[in-house]
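Chain nomenclature is as follows: A, B, C and D, assigned in order of appearance, with residue numbering initiated at 1 for each chain independently.
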Amino acid sequence: MKTLEHEGKSIFSRYGLLIPRGKVVDNSLEGKKVAEEFGGEVMVKAQVHTGGRGKEGGIKKASTPQEALQWTKEILGRKIRGYTVNKVYIEERVNIEEEYYLAFILDRSSGLPLFIISSKGGIDIEKVAREEPERVRRLKVNPLWGIHPYQVRREALEARIPSSHLTPIVSAAMKLYEVFIGEDALLAEINPALLTSEGRLVCGDSKVELDDNAFYRHQELHNSLESYQEEDPLERRARKEGLSFVKLKGNIGVIGNGAGLVMSTLDSISREGGSPANFLDIGGGASADKMEAAIDIVLANPRVNSLFINIFGGITRCDEAARGIIAAIKNLSPQFMPVVRLGGTNEEEGWRILEDSGVEIKVCKSMKEAVIKAIEYKKEA
Amino acid sequence: MGILVDRETKVAVQGITGKEGSYHTRLMLQYGTNIVAGCSPGKGGQEVHGVPVYDTLEEGVRHEKAEASLVMVPPRFAPDALYEAAEAGIKLIVCITEGIPLLDTMFAFQRIKARYPDTKIIGPNSPGLIAPGKTLLGIMPGNIFKGGKVGIISRSGTLTYQIAYELSHAGIGQSTVVGVGGDPLIGMRFIDLMKLFNQDPETQALCIIGEIGGRDEEEAADYLGTDFNKPLVAYVAGQTAPPGRKMGHAGAIASAGEGTAESKSTALKKAGAVAVETSYQVVEALLDVFK
Amino acid sequence: MKTLEHEGKSIFSRYGLLIPRGKVVDNSLEGKKVAEEFGGEVMVKAQVHTGGRGKEGGIKKASTPQEALQWTKEILGRKIRGYTVNKVYIEERVNIEEEYYLAFILDRSSGLPLFIISSKGGIDIEKVAREEPERVRRLKVNPLWGIHPYQVRREALEARIPSSHLTPIVSAAMKLYEVFIGEDALLAEINPALLTSEGRLVCGDSKVELDDNAFYRHQELHNSLESYQEEDPLERRARKEGLSFVKLKGNIGVIGNGAGLVMSTLDSISREGGSPANFLDIGGGASADKMEAAIDIVLANPRVNSLFINIFGGITRCDEAARGIIAAIKNLSPQFMPVVRLGGTNEEEGWRILEDSGVEIKVCKSMKEAVIKAIEYKKEA
Amino acid sequence: MGILVDRETKVAVQGITGKEGSYHTRLMLQYGTNIVAGCSPGKGGQEVHGVPVYDTLEEGVRHEKAEASLVMVPPRFAPDALYEAAEAGIKLIVCITEGIPLLDTMFAFQRIKARYPDTKIIGPNSPGLIAPGKTLLGIMPGNIFKGGKVGIISRSGTLTYQIAYELSHAGIGQSTVVGVGGDPLIGMRFIDLMKLFNQDPETQALCIIGEIGGRDEEEAADYLGTDFNKPLVAYVAGQTAPPGRKMGHAGAIASAGEGTAESKSTALKKAGAVAVETSYQVVEALLDVFK
């Protein structure tokens, strides 16, 4: 789960990292009021779950409260990379001397927290790494050893940060590691990390990704985050039903059991010339209830004009799966004929049950055949 | 024997009195797995399908000589189960549990590696492993597998069953099938298992079922290009997955520009694998290998 | 620094350990009021920095608010092992099924946290260890591995705690370890750890010792603790002056530089038949200011009728030390002749300065001679 | 050479630009210590009494080949200095700093032991060590020591100087004098140093200056009873210290019934040491040894 800028900053602040004063507003008058409170010179920043806000006009400097009002008005309601701006963060401006980069990320390959530091912040770190690799340093942290100031100093100096800036950089990096560990983060990034003319290190932006699996340890925080409210409504519903659902751009609705199986179904549809409308993994069991919720969610997408259910019967046998599918389809009576492919344990009984049910279903035995049928059987738009 | 396990391997089930633990203990016993003990705090002295239950795993190891363990406890108790197994002297831990916080996994791996470097861990979020006709440690449906000469390493569950089923029907049996787990951080990886399959006389060809995300397939390709000397067929699922979106489980997520199905397939092909584009081409490719 | 019962419990509570409801009172009317609030049946407990309160009548059961009033009245003002009771803790009673023991202590020999668990709580753990060793288990915790539930379960079972009580015991032990690490404790003990008839584990008492060196990490907590107010006033003053001072029972005031040197001075005095009034280490430097504060504190003890200053000149030379001593003695003009022994770097110049100063001082060259003189030179009482 | 160090030992000072660091660097240089580098973050490129200063110790080791280091930084920076020294490859770390939180020391010791098992640490809260006439690593007053054949291991500072001074005056020189540190948790302990003195041909007798608290003296007694083969004179300070009270520094505290001066003296006597009751008897006892 990714946080918004102001949410990440509020987490940072709890760990003693310095952040500029800031307030979230949802209307321009309030934007003006906050700007007045902060002395007029502020940043006006769209709060959306995507990067590249600056390029898309989502971050503006205001020199007066009136300007803050204008920018707030202009940014609110805007769409940035598909995300509607409902909230704007008004933040006091700081005197920037240098922009650095600090982050901890959980590195899959090594299985360790990776510390990244750069003497060039404010832009995409991958770009810096490509263009000026000598200004970026990466350190795999052995969590049993911990990270200590000497390591941060060494990496900072290697990344060409002047030694006079070490003290605030070290202090911020140590606190950022505490955020990373303490909040079960997968990513905790300060970019830019602003070194002010007063010699303090202030977080110019925040990027935090939290581990959903650790939700139970941070319930209060997770519940306070705005992010859940902003997902696609179908994805939100799917999450509530315990289904794993990702909307795609095509028209063939896909349901299957097992992430790999569903992904391979999408691959096959594409390869045979079709276009999947979604990824939906119902997980183990394939009960009638879950199947019904799944079909309902898939069909709620207006682009969907074909339905492909692909179930492999392992421990849950195909005959059980077949009964679940029939019950679900009877309840929902979709407007076009679903293509169902069953394979695995008790598949023949499964086929028989589907065929004898009286429900309109195209039953397929092989995956390839099923994929081709699902592409053919789409309802005429 | 299969790699890692055989008919005689003495298995303990951690969380044996839970719903899942008890259910799969029954299925594994039916398959022939040599389950010698279970553990469940506060339930010591009971039996589950005839298997003695202990309060601590250490007792199970002491009294029943368990060598391998299956972790089937809820996510928040799973790290403890890993630590307990490692300290009890278990040499192969198969962690079925899904949903363990990643930093818990990270710390557990690092601590166990530092203190018990010989302990092997499969998973978390793994369906387990099977040496068909010999033993099953996990939640895989045993009946769809068939003994034979193809090794399978997979990041997926159902897709592996699907492919194994098709192979069995086509007359191609499996030596050992290992689900490495769908989490971003896992214990034994493709490359670790490839080394074992490389030395396994029963395995004549290897099938890798990959997914978007991570670098396991790329590592496998590197190893394939150097030391691995058996035919390898690979399928990487998720060619159509949008970057940055998690596909079903935590590990299946491709970051912008890296860890995509295409880049993985290309790396494997370059290293000499037969990389196919759909799951049903795996059977054809393996039939070709054995032609 | 050791905490009072209610202070330790409040720390425990912050970490999620269960404690009975309780309130601190300093008068009997309030004691009654709190007892009423808690439904009448309460414990009345003296809050003093010493163990063995129970045996000394410092812990009483009250069955009515009136009884609580009486006990509060009786306990307040009482002296328990030298400590005056200024505050009483009124605590609700819980339904006790078993009394266990849980503690973490920093073990000097191994340099590791030591986990101690016993199926017998409520009495001195050393006594249990002597009399029923099979009911006490000790586990050295490797802090890089951490402590995990399986270890607590194993030790609890070995200590003969029934397996049906494991869940609350494990949970409490894990939290107690968090207290130990999180608060920089040298000792965190729950004795008795009460297993209630509802199956919960409640802290019956608390014993916490915090590391003074880690003060800077826990300033808010340390400042809130009452303990500092209850030391001997001279010891309190010494601490403020940065002197290390311990009051003893004799009459010869002792000042020296270096803990070992002062301890050996005390040893020598005792061996030669004298009785030291205190331990006082002025540390390095031996400046006139520090020396003056030291002499002032030592002489403020009315039992003192002899003063022995024992300085070894190392990096701080004896001549410097001599000048400091003279300045201090001139300012304070003690009523009896101080015995000063100087040794080490520039000792001869030091002796000359002392002798030429005109101040009444008995200068000694060897330690043995000085000790004997200090015993002889005591003012007639 | 002395134990652990000799005239050639290349020393780095961590915290060399601080008041204490700079002052004692001067004194050590005067004594003849081979100080090759100092470090102090943000001060790289400066010099202190002619010693080059680096931002990181690692540079000091790389450029100047420092083998031993002295930690002279404030308590809250000291753990970092220990970690840095260990990772930089320093083999002997002498920690002068007093007042380090004990859990910081505990974690630092455990981590360094796990990762750099060959790194030796003296202290914290140690006055350092001296091989008289050869080298001095610490804050001891060099002038009072004299080269010779008695090794000294002590938990005290000034008392050690006092005793060494008396020995020097009595014509008994010292081979190496080590202050193990006054904290409850210390790196090298009596027993570790006794092993080194046992093998040191220059050392013909050993003097142990103990204190109340802990079990170091008892351990020394155990070792003395088994493998140690040189005459040993011991004085344990604090016979009159009330139990439970801290005498001056953190480590000097006897719990009720254990760690008292009496029990320690008795243990040492039983194991064959000459245990004396006052510091001034140490000289007599050693004169006896060499009679």
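Please note the rule applied: a residue touches a chain if its C-beta (ideal position, glycine included) is under 8 Å from a C-beta of that chain, and two chains touch if they have at least 3 such contacts.
All values reported here derive from a predicted model rather than from experimental measurement.
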Item checked: Touching chain B and also chain D, the following chains -> A, C
Notebook entry, point to check: In whole angstrom, what separates the CA-based centres of chain C and chain D?
Noted result: 27
Check: In whole angstrom, what separates the CA-based centres of chain A and chain C?
Finding: 53
Note to self: Distance between chain A and chain D based on Cα centroids, please, to the nearest Å.
What the structure shows: 56
Checklist line | Multi-chain contact sites of chain A, meaning residues that touch two or more partners | finding: 144
Next item on the list: Please set out, as single numbers or ranges, the residues of chain D touching at least two other chains.
Entry: 107, 111, 114
Margin query: Graph shape for the chains shown, where an edge means the two chains touch. Line, ring, star, complete, or other?
Written below: ring
Notebook entry, point to check: What pairs of chains are touching here?
Noted result: A-B, A-D, B-C, C-D
Next item on the list: Within their complex, state which residues of chain C touch chain D.
Entry: 106, 108-109, 111-113, 142-144, 181, 184, 186, 211, 213-214, 216-217, 244, 246, 248, 256-264, 266-271, 276, 279, 281, 312-315, 343-345, 366-368
Checklist line | chain A-facing residues of chain B, complex | finding: 27, 75-76, 99-104, 106-107, 109-111, 114, 139-141, 143-144, 154-162, 165, 182, 184-185, 209, 211-215, 219, 235, 237-242, 245-252, 261, 277-280
Margin query: Per the contact definition, I'd like the list of chain D residues that touch chain A in the complex.
Written below: 41-44, 55-58, 77, 79-81, 83-84, 87, 107, 111, 114-115
Checklist line | Touching residues (chain side chain C, partner chain B) in the complex | finding: 144-146, 148-150, 153-154, 157, 163-164, 166-167, 170
